[in-house]
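Several structures are given next for inspection.
Note that chain A is present in both complexes that follow, paired respectively with chain B and with chain C.
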Partner chain A sequence: MSDLDKAISELRACKIIPEPQVREICHKARELLIEEANVVQVDAPVTICGDIHGQFHDLMELFRVGGDVPDTNYLFMGDFVDRGFYSLESFLLLLCLKVRYPDRITLIRGNHESRQITTVYGFYDECLRKYGSANVWRYCCEVFDYLALGALVLGTSSTLEPSFTDQSQATEAVDDDVEIEIMNSRNEITARFPRSRRRLFESDGLNSSPPGTPSKAGPPGTGATSDSGGSHLSGGAVLCVHGGLSPLIDSVDKIRLLDRKQEVPHEGAMCDLLWSDPDEIDTWGLSPRGAGFLFGPDIVKRFNHLNDLSLIARAHQLVMEGFKEMFDSSIVTVWSAPNYCYRCGNVAAILELGEDTSNGGVVSRSNGDPGRSSQAFSPNQALRSGPGRRYRVFEAAPQDPRGMPAKKPVADYFL
Partner chain B sequence: MDEPAATSIPHSASNAPSLELLSRTQPHIFINPLKKIDEGQDVSTFLISKAYGDIMTFLLQLNRAMFPLYNQDVSTSGKKRVQTWDVDCQAIEYSETVRNLRHLLEELDQIIDEVPPDPGPRRFGNASFKKWYQTVEERTSGLLKSRLSKSTLQYPHDSDVTAESELSSYFLGSFGSSQRLDYGSGHELSFLAFLGCIWKLGGFTSSSEHPHPGNDERAIVLGLIVPYLTLIRRLILTYTLEPAGSHGVWGLDDHSFIPYIFGSAQYGPAISPSDQRPIEGSRPNAPDPADVAKISAVERQRHQNMYFGAIGFIHDVKKGPFWEHSPMLYDISGIRTGWGKINKGMIKMYNAEVLSKFPVVQHFPFGSLFSFDQDPNAKPPPTSIHAANQPVRDGFGSSSAEKVAAPRESPQLGTPAPWASRATSVPGVEAVTAAPRASRGPPIPGPSVGTAAPWARGRTAMINPGDGAAAPLARKGTPSSAAESETAAPWASSQPAAASAALSPTRFPQSGARPPPPPAGRPIPPEAAGDDAAAQSMPPPTRAPWTKPP
Partner chain C sequence: MAAPHIPKLNTLSNARGTGHGRGRAGSGGILITGAEEDKSAKDRVVQQTDQDASVSRLSAVEAGYLDDPFAKYFVSGEGQRRFPIINRGTYVRTKAIDNLVDEFLSKNPAQEKQIISLGAGSDTRFFRLMSRRPVSHGRGILQRPNVIYHEIDFQANTIPKLHPIKKLSELSGHIGSPVMFSHSTNPSEIYNDDSLHADQYHVHPVDLRNLDPSRPAPRSFDFVDTALPTLIISECCLCYLPAAAADTVALYFTQHLFPNSTPVGLILYEPIHPNDAFGKTMVSNLAARGIVLQTLKKYGSLEAQAARMKSYGLEGTGGASVKDLWDKGVEGKEKERVAGLEMVDEVEEWELLAGHYCVAWGWRGGPEDDVWEGWKSMAERIGGK
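Moving on to the complex of A and B:
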């Protein structure tokens, strides 16, 4: 067993690893991350996760529900640390998995992956408490600076694949018409929504193109964007970012041009991507958080259209149901910290996007919908048909006895 | 429990400092309270202000009165009896003012019944809290007039501004933010200031010297602060008020601080009126501090003791092992040197984590009763580290990483607050920031469970939207006019009417009457602006990063 595998198994048991090893892993992670683009390209299938905030036992529950690494590909949209008791264990485990299975797990930066925020919201205190010095905090912060700002998921399918656990149960294939499926943590389907809803919506006069729409010729998510998502079964490209959009960013390419290897600035494009929130407003609004902006449906739809995205997935806001689609499903919030802060009473969710196998020549399926292919290639389509989405909703991990630690020396105030 | 008698018990009130009353010999000049702390450095000015001195004096005065007292009547056996001050203690006389204010708090509680929580979908905080707050706001003047004596409200004054202006400002800041739907220790501080104002105006002092020194103070703590906390807990539960800017498990408590101070004093060792405040030890029958993790012990104590009352509320709302969701309180529960020691630590911590933290005190308004003027007797700010680490307007580079931790190592007088070193900002970077963009829009809170930016005070700088299609930003006025004007959201959509209409009712109440924005396309930097509206509504301390009080 390699040192790395040993570290992974220690961390899976919620034990911290020695400081020198943290240093080494952080170093290796930086070497990996430095090579990643600001916007990492990720191929479906992938499971997208939102905020974790140091809720280690709930992260284990997430892996139980969503499948373990490396069997399932994961994309975590930041906010691994702060507030929870186990930010260290959670972040180091994810980092070790990244180093061990670089192609199986993608980590992007959240607004809490920052020196300033972690000194305020707990991670710094946690490192001091668990290691007696700030060294480990410092190593982690150096990794934060190299985390990607976003990810672009390509090759998604417009249909849902059978759930990974379905196979054993030999369930029937999911109807092609199902766009959204919601499952609980016992792998039971709790709701399904057909795509017809969307067709109705699209015939609603909303597919006229805004003026100035560029013609499309390149791969999705690039400036020379196109609709070449592949087959008519493609679910389109999905942009993943922690917070949201920025008034300074009108294309995915502009994200690619940022100099990301730094502390999160207080303002500007990089800050906005990590701090902004969608809201029911016209265009842009001031954010109550004091950083980033609020952005409305028109902004999202226009951005998605110009960049040939079918969906933006983001995290950053607690949603009681674990996920929340907004603006005619052009953007979704995914939240993965159940019973946030031990008290919010919310459930958590992860979002599974399937792979469009038709384009790889594996299977050529037709859903018998001749209109769809021409529609999908239409340059005038305002809203791209979204990928098939399976949300797995789960609750906080059971409170089995977790042992009680010895009391640590108390804070200086009480000496 | 009886203890051996000490030699002599002075009957005079102790010489412990207490908050000075205004002199009634001449009319007072009241001032509409205004926000004065605009950036990190202003906190050091605050720490040598009269207001700071008054707040600490008042807090220590109340705290001291909560320690058990040796009874002045010596029993026949020659032993002194100890009088403790449990929450349900019958030995405290409430003055008319206290009785009236208790009714006032009851009325606020009844308004909760008038405004049931909205059953509709929500993210977290319940929007009906806005209605509750609005109702209170509308009734404030009437409530204060009916519950405070004329001699307090209409204290002889020399200008149009009355005592009521100052009182209502702190009163309305005491119940959470109706914009953010949250509550934190800044609101708690506002209530303390409200009571402090009444004290200064002579509203609490009995006309004749009370036979039991400290009775007035105890009446304030047990007769008013306890029901205030009960009201707050009901508000939090009813409207799911967010622990604003919560630091999660790494704070003392999500919402409150002062019950830990007064509650630890209740369990402290008995003192005589002339004794110094004890710094260790416990009264003989006090529970073990470790009991906080035991539900049954907490249930036994929560109705007698404010510390356990606060802990009980944590047990009510949090699910999970106590040591995990409340590690700080858990660690404190291991203290072996008694509740006096815990009390001493709590006061230090309050000073460092609440009063010295920019995000908490930035919205505290200053008038004549709590004045921002320098206190001639103030010692230089005890910890320059606080000042050094307060947020400056802008700028935070990765180079600051080292600075964040550095202060920890440096020797420090007084309070070596681990937290003090956390607030970060890069001294010196500020100059680099383009001054004209330094906006100070109010941190405009919305109902979110999110993280606030530590530097959040307002936005700086806006940007060119890029394609010019929809200039997202535009703002009023010019930088020069801004200092005086009420603050509008520093920028808004390019469709002035529609955007304002959409935004103002919920988030930007003060942005409604804004002049049309400049032409789209070229954003104008937001101006620095005073912010009366925000000052009135005390956003919770919690969102701000270095805020971390509980």
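Moving on to the complex of A and C:
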């Protein structure tokens, strides 16, 4: 067993590894990450995860529900650390897996992967407590600076493959018409939404369209309707980013041009990508967080159209149902920390996107047609049809599984 | 577990019985039995919530939310930095109650008034009121208020409370001249271990559960002037009692101790909404620490709190969640200042947490009804009916 595999098995048992080894792993991780573009290209199939926040036992539950690395291809959208009691173990495990299986796990940066934020929200204190010095925190922060800012998932399918662990229903192919499937942690389907009739259903995680907004199916003759009949069509490209959009960024290419190898700035494009939130407003608004912006449906739909995206997947905001689609499914929030801070009572979710096999696995991708950005965009224009989406919803791991020496977390209240 | 505590309690109870001539037989003597041991262990958990609150207060002070030079004197051991939303919550709750207190005191400022703080623990409000320089408030100027301030708590909390007050002139300088029980010839009684009686400040070591209209009041209640317009504050105190016992305590003051002719106001700061996902988690997390929010089921909403005030004979009511108190009650430059103190990357969590606590206020008139004018407008502005 290599040292790295040993470290992985230690970390899986929620044990910390020696400081020199942390240093070495952080160094190797940086060598890997420095080669990555600001926007990493990831091929479907992929499982997209939101905030983890040091909830180690829940991360183990996530792997149980979503499959282990390297069997499942993972994309984590940041906020690995802070708030929970096991930020170190959680982040170092993910980092070791990244070094061990670089093509099977993608890590992008969240707003908590920052020196300033980790000193307020717990990771710094945790490092100090567990190692007696700030060295390990420093090594980790140096890795943070090299994490990619986003990922572009290509080669998604518009349809859903049967679930890989789906024994009872494995033989039963998923109807091509199914756009969204929701499963619980026992691998049972709890809801399905067909592409054309999806809006007839209401689910906690699915935001119903406000009245008056255009239906995604669009008028007859637009591209949107032709999708529903076909099978194994491309689900389009999905941009993954921790927070959201920036008024300074109108194309994916502009993200590629940023100089990311630094502490998260207090303002500017890089800050916005990690801090912003979607909201039901016109265009842009001030964020109550004090960093980033709020952006409305028109902004998302225009961005998706101009960049030939079918969906933006982001994390950053606690959603009680684990995921929340907004703005006619043009953007989704994925949240993967169940019972956040051991206090919020929420469930968590991960998002599985299947692979489009219709074209022999060849992915064609343009960043939009020439002149696309000069076209007038009308919000009534048909949106690109989204990929088939399977949400696996899961609850918090039992507090003290199998006698694991878990310190009982104490959540703060007003007493 | 409870063993080391027993002799101490007995000793103190004897001391009080003989030395001070204040036999507690009338208001429930202390007799430790097996069941009582269990009860006293439970009581200690509730008593210790005060240390949690004082650590949170100091954290909010050190982070710049609150200006409270006294907070540091009442934290035993090391302080602890709280997360920004806890600091903000401590700020909002403190400011909301400060505002209600100021509205009460600034009306007819020459008129002597009275405040009774239930389960006051290490609260610093008395010292903050007494130490402030004249400040403008609304249309008037707030002077050092003409108020008699009573704090009532378990003896287990009054003893540590009085310790720094006796020791430090920064605190004792604010309490005014000591007063004595009329019968007493022993000046040391003024600075008892567990009680204090001075011109404007009284600390009563009384277990609220022993208050019973059919029994004589604790002797130290002689210092309560039942004719003065009086404000009663329960900041996370009554919520730890069984609902019926909490009602008994509230009614003891509103219906028994004070005649109907006396204007009485009540401020409650309590959790609400136990039945949604966050509320259920809160209840079970606190239960795991031995903290049971006993009134939460009965008074789990702003509507239920308003009805509760009416059942105590208080005609006017107001109330708002801590979230609304922040959204609507903190304004302009002050909001900008507080929001800028720390990056709050916990917006959704703040809304959840702050939505699960409320400040409720209720009042009854008497001839000086206008003493509650500010409370009415606060109810109209922020919440209530």
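Here, the second predicted complex is superposed on the first by the 337 of 415 C-alpha atoms of A that agree within 3 Å, B and C clash if a C-alpha of one lies under 4 Å from a C-alpha of the other, contacts with A are read in each partner's own complex, and residues count from 1 in each chain.
As a working rule, a contact is a pair of C-beta atoms (placed from the backbone, for glycine too) under 8 Å apart; a residue touches a chain by one contact, two chains touch by 3 or more.
What you are looking at is a predicted structure, and each value in this text was computed from that prediction instead of being measured.
Colleague: Touch test for A:S9: chain B only (first), chain C only (second), both, or neither?
Modeller: neither
Colleague: Is A:Y342 touching the first partner chain B, the second partner chain C, both, or neither of them?
Modeller: In the superposition, A:Y342 touches chain B and chain C alike.
Colleague: Look at A:H53 in the shared chain and tell me whether it touches chain B only, chain C only, both, or neither; answer first, second, both or neither.
Modeller: first
Colleague: If we overlay the two complexes on their shared chain A, which of chain B and chain C does A:P265 touch? Say first, second, both or neither.
Modeller: first
Colleague: Which partner reaches more residues of chain A, chain B or chain C?
Modeller: Touching more of chain A: B.
Colleague: Quick check for you: in the superposed arrangement, does A:A291 touch first (chain B), second (chain C), both or neither?
Modeller: The answer is both, since A:A291 touches chain B and chain C.
Colleague: Given the touch rule stated above, what does A:T190 touch, chain B (first), chain C (second), both, or neither?
Modeller: A:T190 contacts neither chain B nor chain C.
Colleague: From the superposed pair, tell me which chain A residues show up as contacts to chain B and also as contacts to chain C.
Modeller: 111-112, 116-117, 120-121, 277, 288-291, 317-320, 339-344, 408, 410-415
Colleague: Across the complex, what residues on chain A touch chain C?
Modeller: Within the complex, chain A touches chain C at residues 111-112, 116-117, 120-121, 277, 288-291, 317-320, 339-346, 408, 410-415.
Colleague: Touching residues of chain C toward chain A in the complex: what are they?
Modeller: 49-50, 52-53, 56, 82-84, 86, 89-90, 93, 236, 271, 276-282, 285-286, 288-289, 291, 322, 339-340, 342-345, 347-349, 352-353, 357
Colleague: Which residues of chain A touch chain B in the complex?
Modeller: Interface residues on the chain A side: 53-54, 82-85, 111-112, 115-117, 119-122, 124-126, 128-129, 134, 137-138, 141, 145, 210, 212, 246-250, 254, 262-263, 265-268, 275, 277, 279-293, 298-299, 302, 316-320, 339-344, 396, 399, 402, 404-405, 407-415.
Colleague: Can you list the chain B residues touching chain A in their complex?
Modeller: Interface residues on chain B, with respect to chain A: 122-124, 179-180, 243, 246-251, 254, 317-321, 323-325, 327-328, 330-335, 341-342, 344-346, 348-349, 352, 394-398, 400-401, 404-405, 408, 415-419, 421-424, 441, 443-446, 448-467, 469-470, 472-473, 489-495, 498-499, 502-503, 507-508, 543-548.
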